[in-house]
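So that you can tell them apart, the chains are marked A, B, C, D and E in the order they are listed, and the count of residues begins at 1 in each.
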Amino acid sequence: ATEPTKEGGKEQGTIKIGALFDITGATGDVGTPYAEGEKAYIEYINSKGGINGYKIELVGQDYAYKIPEAQKLYQKYKSSDKVSAILGWGTADTEALRQQVTADELPFFSASYSENLKNMKESPYNFLTAASYSDQARSVLRWIKENHTGGTPKVALIYNDTAFGKSPIQDAKDFAKEIGVEIVDEQIVDLKALDATSQLLNMKKKAPDYAIIQQTWGATATILKDAKKLGIETQFIGLNWATGEGLLPIAGDAAEGFIGVVTHAFPYEDLPGMAEVKEYLASKGEKLEDKNQKFIQGWVTAKILVEGIKQADDPTSGEGIRQGLEKIKDLDLGGLAAPVTFTADNHAGTNQIRLAKVENGQFKVFTDYFGY
Amino acid sequence: MRNPFVMQCGEFHVDYKQDMTIWKIARVRWRIVTIVALFALFPMVATDCVVGLATLCGIAAIGAIGLNILTGFTGQISIGVGAFLGVGGYTSAILTTKLGISFWIAFPLAGLITALVGALFGIPSLRLKGLYLAIATLAAQVIILFVISRWDSLTGGTAGLVLSRPQIGSFTFMSETSYYYLMFVVLLITIVFSLNLFRTRVGRAFIAVRDRDIAAEVMGIDLFKYKVLAFFVSSFFVGIAGALLGHYTMIVSPELYSISVSIEYLAMILVGGLGSVFGSLYGAVFITLMPVVLRSVVDVLSGTFPGLEAVLIGMKEVVFGVVIILFLVYEPDGLNKIWSNIKNYFRLWPFSYTK
Amino acid sequence: MAFFLQMLVTGIVVGSVYALVALGFVLIYKSSDAINFAQGEFLLIGTYVCLTLVASYNVPFIAALLLALAFSALLGWSVEKVVLRPFIGKPVISMIMATIGLSSVLAGIVHIIWGHETRVYPPVFSEKPLQFGEVIIAPVYAWSFVIVMIWLIIFTLFFKYSRFGIAMRATADDQQAALSMGISVKTIFAIAWAIAAIVSAVGGVLLGNINGVNSSLSLIGLKVLPVAILGGLDSIPGAIIGGIFIGIIESMTGGYLDPLVGGGLKEVIPFVILVIILMVKPYGLFGKKEIERV
Amino acid sequence: MLTLNNVEVMYNRVILVLKGMSMVIPEGKIVALLGSNGAGKTTTLKAISGLLRSEDGEVTDGYIELYGERIEGKDAEEIVKKGIFQCMEGRRVFEHLTVEENLIVGAHTRKDRQNIKADLQKVYHYFPKLHMLRHRQAGYLSGGEQQMLAIGRGMMAKPKILLLDEPSLGIAPLLVKEIFSIIKRINEEEGTTILVVEQNANIALSIAHYGYIMENGRIVMDGPVERLLENEDVKEFYLGISEKGRKNYREVKSYKRRKRWL
Amino acid sequence: MGILNVQNVSIRFGGVLALDAVSFEVKEGEIFSLIGPNGAGKTSMLNCISGLYKPTEGDIFFKGERITHVKPHKRAALGIARAFQNIELFPHLSVLDNLMLGRHVRMKTGVLAGGLYWGKAQKEEVEHRYKVEEVIDFLELEHVRNVPVGTLSYGLQKRVEVGRALAMEPDLLLLDEPMAGMNNEEKEDMARYIIDIHEEKKTTIILIEHDMGVVMDLSNHIAVLDFGKLIAYGTPKEVQTNPRVIEAYLGEEHAV
């Protein structure tokens, strides 16, 4: 809500945005830099004088990856803080709040890129700021198809038994069939698995050329290490949450040669979009080297939302911001992420990704943004 | 004329029926009516946010009373409440969304089906006791969640199901206040039912099974039957709470019913007081609100000390734990005992002891 | 056959990691009849301390480990003194609840001190897999097997023959009667907690070497509870055999059943088997029977 | 050597059980404490041995002195170290420990650990039955066997003062006699001071030197055993002898004579 | 045929033969005492009768019906009630509720009716309350009616224990050392209660007791166990003079 301070003057008031952070919960390791990125961008934009005369206030709290906590926080944002949009986080809480944000007409940006959020009928207020997990998998399959030499490529899928893990699986299988890639095996590895020997040995029997991993860092590292131990030759390719700086120290040598889907830039990449980030960090006396990819991801997400506010005719209401967002066309993010477009009947901003390979203990991006 | 300022000092009952009412003294009865009325009127003055929290507290209280029937009154520790909440939520979700049955029928059915599932997983109580039984309920938790996340065609798998708020005619319980009243009625019924239960035959048998099972058996109580019955009754209320919660949040998904939910409920009845209906209520409110309160404190403080946010978030957990421990140290029998100690103190005042 | 052997050995070594963690539960239970829900946090803190010494202060690993163990002992000891002391003689259930509170406190402290990032040990154990015929084991796992066997011998002797070992068992049976024997229940508890914290820290350091350290490592505590139960909550050999047993079942299910149903059974089957076994042996494989006489 | 002066004990901060209890236990003697159910005998013993605290009871007034040193409110383990050992009511053996382990636990506080083996043999000598059962789990012993074990455990501690709470409870008559003769022997041979709480006044007074009778939280009568045995009330209410000798239980009257001391 | 027939009952725990082919008969309406040294197997015998132990061998007949394999709770319904050697009351419940539990088998209210506490359920509670008040009156427990039994003194608890069994209105009452831990005066009271129960309600009683005065004065018949074997059976007079009994159990003093 807003309190107009000066009639007709430049300052219009404050727009409140609610945010759900995971700092102390199960995904706190990635949730924290993501939250920092979001907060950083909002602070940055306010230091630039806000948007169209509006200041933006981010009310965000830790929900520890617990859905009931997310519910309670949402309740508070909606009725006491009277926020106009929400920056969310995980798959489950995004699902849990989907109907409510629809009823309350609040645009919702989550860090979970589930394909079913694309469904405009069921989730008309959810926006996807990066390629959905399914799109990521499709793009990877497309890349495999195009770069594989010698016969039909054989691919295995490794994921976990959660909404997050299973989200791209059916779509990947359908798409593989369509383009002529053979899915030879599926393995389930728990997010907290200590060991994946049995799954990998079973997978080995099918001798896949590639294995697509939909996991977080811990499980991905377990898989890579066990694969190395068992001498498995398969090329592992991880979707965006399997990829990131955090994987490298855990997996150690085993990460060499691993390919990851990159939806958001690494801080060490030299890209036009980094300028703003550097400027902000300099003003805080911090350095880009201390930040990681999840920070950039949070930054970009907040930036897209702010762009929607900028474009909105009525930036003070959720409905107004939604209309503003739907005007976004080919938003150039300076290479920090793929350009985003929203329309009234498409809230999936992009389907493009890049790929990076681990060489000498660092992710090296080796493609440009591409889709399927 | 009776002095209006003093509490009636004794019980003057002329028949057993009177002696056996729950609240024996007229003034106490009036007080109860007043309290109920206050709670009924409270949404009129409170904000949506507060009413919403109250609704969550109330739903948790129903579940906690259910768990207390099993754990507090019958002495069978369960760490599977989370999954039973899920069974309730899913039953109602499947019945209303997939089969198009009205909420008003699906709701009690959710309780009933959860009760049956509960009874099924209560069968190990034939042989198991204490922590060993607790692990069997943990197994129930794992198995139920596995089934839910695998039976895609019925449960929507890991993505869960979306459900809607109940309706009467054209009225939908969409607003916070209306759902609060729905919860409130169910909660009242739950409380009265369980208070009654534990002053009659079956409730007494539950307590007997908890305190001395061998003696109970020799008194003619069929241990197995009553243990499973306790699972049944307990799960019924947990299922009801699950359904209420499902329709309130409008989603059911496996991640909502994890083991940490089970532990949270256990915490409610332990903090509130094992084997106490009102204790469950206090515990549910306490455990539900405590994080909210702490979070707002953190919010205020981190405004004042911006650099310390990370520390404050950690402190939130520390304080939460410390408060629980302090409660237990100060009164291991829970909030309910604290409350009755306060009452006793004033009852005896100015004398400090009896006998 | 090679596949079977690999599954078996993987099961055994992963199971010995479970056993290592389960021992912590057993030690507390043996002296106080209570379950310590803060076990996971003990494990985490021990690991973090060791890691900090190694990574930030460049202390050699063995020295760091010993320091971390000393620290853990101190932690267990003082936690008992500060937090659990008032629960002596109180119903076990409130002690269990207190440990839930304690776990929250410790988790908070971990967040404040070490934050949220996943941290990694500099390579301590050689990365080179050990190869026995066709069976391959990572060295960390082999180590955990060895350590678990050492604990087994030490604790079995301790509880059977040492004065404090017997006193601990007596305390678990009847605290008040133990008091009347002049047993300092406080000291007994403090010792038990110190030992449990040490054992957990060792488990934590090994786990940290497997998957890195972050706060969700503490969840292993809950995962391992069934292991302690299967063996019998108060039995040291039980914890170890239970751990290895569950490890093998997990691995076998993963190897043979999961491919048939599309995976995921690995996490569930151990529970099903656990319940079946408990129905036959209600106090676990080696747990003490509750003596019921009238 | 042990003096209770005007001791008041309260449970749960509300229930007053001992209401100014005073008694003296002289060194090397056997003192019997008699009294009806709920008089507070067990409470008295617990007040001495420091076990009250674990039941949420406390000494709120008066004092307890051992050789002139105040011991009320001290921890149980300290009191055991000072040489006071209580055999609790209801035996309270450690069910999952073997008989022998139970005995070893009894010697927990002893410094002279090399003598434990010998004392173990001594206990087996007094109670040969325990020797037979030494590897059995104590929880499965019958009531009487457990009682022997409990007393044996007391011997293992080599206390200066042994507090016995109803040692005859549930014991067959022959064995009661035996146990009391052993108690007497312990007193004579080891020089242990003994305070014994008993319902079986006949047997207790037969070995005691001095008796106290307690009602309702106070001592109502005390004196050397010979004097107590002459008191009419004691005879009638505690020894069950009326003028005509032993009463037949079938002829017990339905009305009660009142005790004179109340 | 008596009300209870024990035929050749043996029970073994690991290496211990706790009962060794014991047979006896209890006649309807008598007070029957079971005596013997500690560990002789008296409590085990009662456990077999109330169904807590399954005899390794042998059979038990109650009112002519074979009950060897009947579950304990069913035996309660058949009319066997018991008071335990070590107090087995429900410590957190009041005296009243403990006694009401004794009425369990005689009541019917289920979960639903109980929770609603309507009509029949309420009527039933009140009805049975009258019966329980009778027992309270009989055992003089009025003053502690609403006290949780856990805090009562030992003697009172023992009395409540007997009361709970009485509330079941049994045909056969098993009393395991009801007078242990009582002083003389209280023993007299308890003896009076037992005689009154016996005379007023015509209940058959099996009594285990170590106080020979009580046993000899009250019993019609006595059976003596030693090391699990029945070594004597007869009237008090006969048993008292039996040399084996004197040697194993009584000692010279109680022999007449």
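Methods note: contacts are C-beta pairs under 8 Å (C-beta built on N, C-alpha and C of every residue); 3 or more make two chains touch, one makes a residue touch a chain.
No experiment lies behind these values; they were computed from the predicted model shown.
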Contact-richer chain pair (by C-beta pairs counted) among B-C and A-B: B-C
Chain separated most widely from chain D, comparing mean CA positions: A
Chain whose average C-alpha position is farthest from chain E's own: A
For chain C paired with chain E, centre-to-centre distance based on mean C-alpha positions, whole Å: 47
Between chain E and chain A, distance of the C-alpha-averaged centres to the nearest whole Å: 73
Centre distance in Å when chain B and chain E are each reduced to the mean of their C-alpha atoms: 40
Shared-contact residues (touching 2 or more other chains) in chain C: 107, 111, 115, 264, 267, 293-294
Overlap residues in chain B, where contacts from two or more other chains coincide: 214-215, 310, 313-314, 316-317
Residue numbers of chain D (touch at least two other chains): 15, 140
Chain B residues touching chain A - in the complex, by the definition given at the top: 47-49, 52-53, 56, 149, 157-160, 162, 164, 174, 176, 249-251, 253-256, 260-261, 291-292, 295, 298-299, 310, 313-314, 316-317
Of chain C, residues touching chain E in the complex: 293-294
Contact footprint of chain B on chain A as seen in their complex: 23-24, 61-62, 66-69, 71-73, 75-76, 78-80, 92, 95-96, 98-100, 103, 114, 116, 122, 161-163, 165-167
Chain E residues within the chain C interface of the complex: 43, 47, 52, 84-86, 88
Complex contacts: residues of chain B adjacent to chain E: 15-17, 19-20, 193-194, 196-197, 199-205, 207-208, 211-212, 214-223, 229, 233, 275
